[in-house]
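Structure first, then comments.
All chains are identified by letter, namely A, B, C and D, in their written order; residue positions are counted from 1 within each chain.
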């Protein structure tokens, strides 16, 4: 995510929250979307099949919500705090629930779920920080 | 959206909400995502340029949130009501705010904004109905 | 997809291909994206688990490519035929391969794969028709 | 994109191309999708309005294609070289055309378009490298 900082800084629309907080939110949303997409695929390759179903489903949902939220945060022009807040709340909760599910599988030794859990925890935390910085 | 009903009905995972309510939610989310994508583009082609900026921005956000929500609703397996609720709340609010913005431009004669407003109102209503049907 | 036609018609940017051909392309892309998202989920719920892995993977890819293509076709302003052509070729091929995989499972009695195959065939055909209508 | 490497390495499905080549492709696709999303927004905030329309449109298309391609590359299970090739060709071309457009605006002093051009060039190059490494 080498490009987020210079583009956001050159945007004539000034951000509604602290720039570093915003950049952390953007980066963790895109990172978590990639991690969840990859983890759903790694789950699919596991021999225990049906035990991974909830993890696959939550990872797919989490990737979708993280991408929507990461794109919303990437836009500074005519930023709308109430709708951004709702997206961030949805993203933080989905990351929490997906991270909890990944944690179960990490405890049983699945390294890809351990990494995906870290991505979810990081994104949940960053969304919570952006939420507490939103105006209004 | 000819395909949603037969696929959802053939899914061995039974839906957590009334099937017709669910199908209406899925269809309106995908329809609204397409309408908002097309309306942002039609706004871009308008000569009044800067007056359309908030509409373009909200349409892009609304398309992102509607697609995430429409995909979440399309999945019946290991459906998670709390995260679905948060996504639906985010979607209903974004459709409300985007619909209100489109309504302003519809009053000034922009037919594409009138149609997009209808898509947003319909999707907001369908999300609200799914929300009131969610278990838990 | 009740909204595509009036929005595209009200767009001041005129489409680069015949309007009905374009609308069919847009609608089948969004419909196929929904069908593939739902079919991947229905596959996940099947007891034969590992036999469905290739179908799940191709459905996830096909949903991603159909959404990208459906959004590109929804934009008429500064339409760029060469990049649209590449997206349509990618979409037509992915629909062909995903439709072929779904057909295997449809033959073994999976009704959701039968429906998804129909969505893929329809979208492949519509993309091919748009391709043959593109200028340049 | 701290998470891509450990998840891809822990995936029981082995990648079809060299791991470092694959990881570079995944990272540049997600990075370019974020850059293009942010650049379209920064373009919208520019006072010269209508001169930015082609850049906004191409950035929106490029973000869509990069996300689809980045997600396809993130999946190693039942990887399908022909459809991946078509997605990569579409992505490389769209990055080329979008990068060329951004370059025009960079020459007129728009720093956000300069950065977005770099993201597009990097992603185009990485897609071309993955293309030349694909089996078959």
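To be clear about the criterion, a contact is a pair of C-beta atoms (placed from the backbone, for glycine too) under 8 Å apart; a residue touches a chain by one contact, two chains touch by 3 or more.
Please read all numbers here as calculations on a predicted model, not as lab measurements.
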item	value
Interchain contact steps from subunit A to subunit C (minimum; 1 if touching)	1
Repeat of interface A-B, chosen from A-C, B-C or C-D - more than half of residue-number contact pairs shared	C-D
Same-site or different-site touching of subunit A by its copy subunit D, using the half cut	same
Rotation angle superposing subunit B onto its copy subunit C by C-alpha atoms, nearest 5 degrees	180
Whole-Å separation of chain centres (CA-atom averages), subunit C against subunit D	21
Distance from subunit D to subunit B - Cα centre to Cα centre, in angstrom	27
Subunit D: positions in contact with at least two other chains	41, 44-45, 53, 57, 60, 67, 71, 75, 77
Subunit C-touching residues of subunit A, taken from the complex the two chains share	40-41, 44-45, 49-50, 53, 56-57, 60
Interfacial residue positions of subunit B with respect to subunit A in the complex	53-54, 57-58, 60-61, 64-65, 67-68, 71-72, 75, 77-80, 82-83, 86-87, 89-90, 93-94, 97
Touching residues on subunit D, where the partner in the complex is subunit A	1-4, 6-8, 10-13, 26, 30-35, 37-39, 41-42, 44-47, 63, 67, 70-71, 74-77, 110-112, 115-116, 118-119
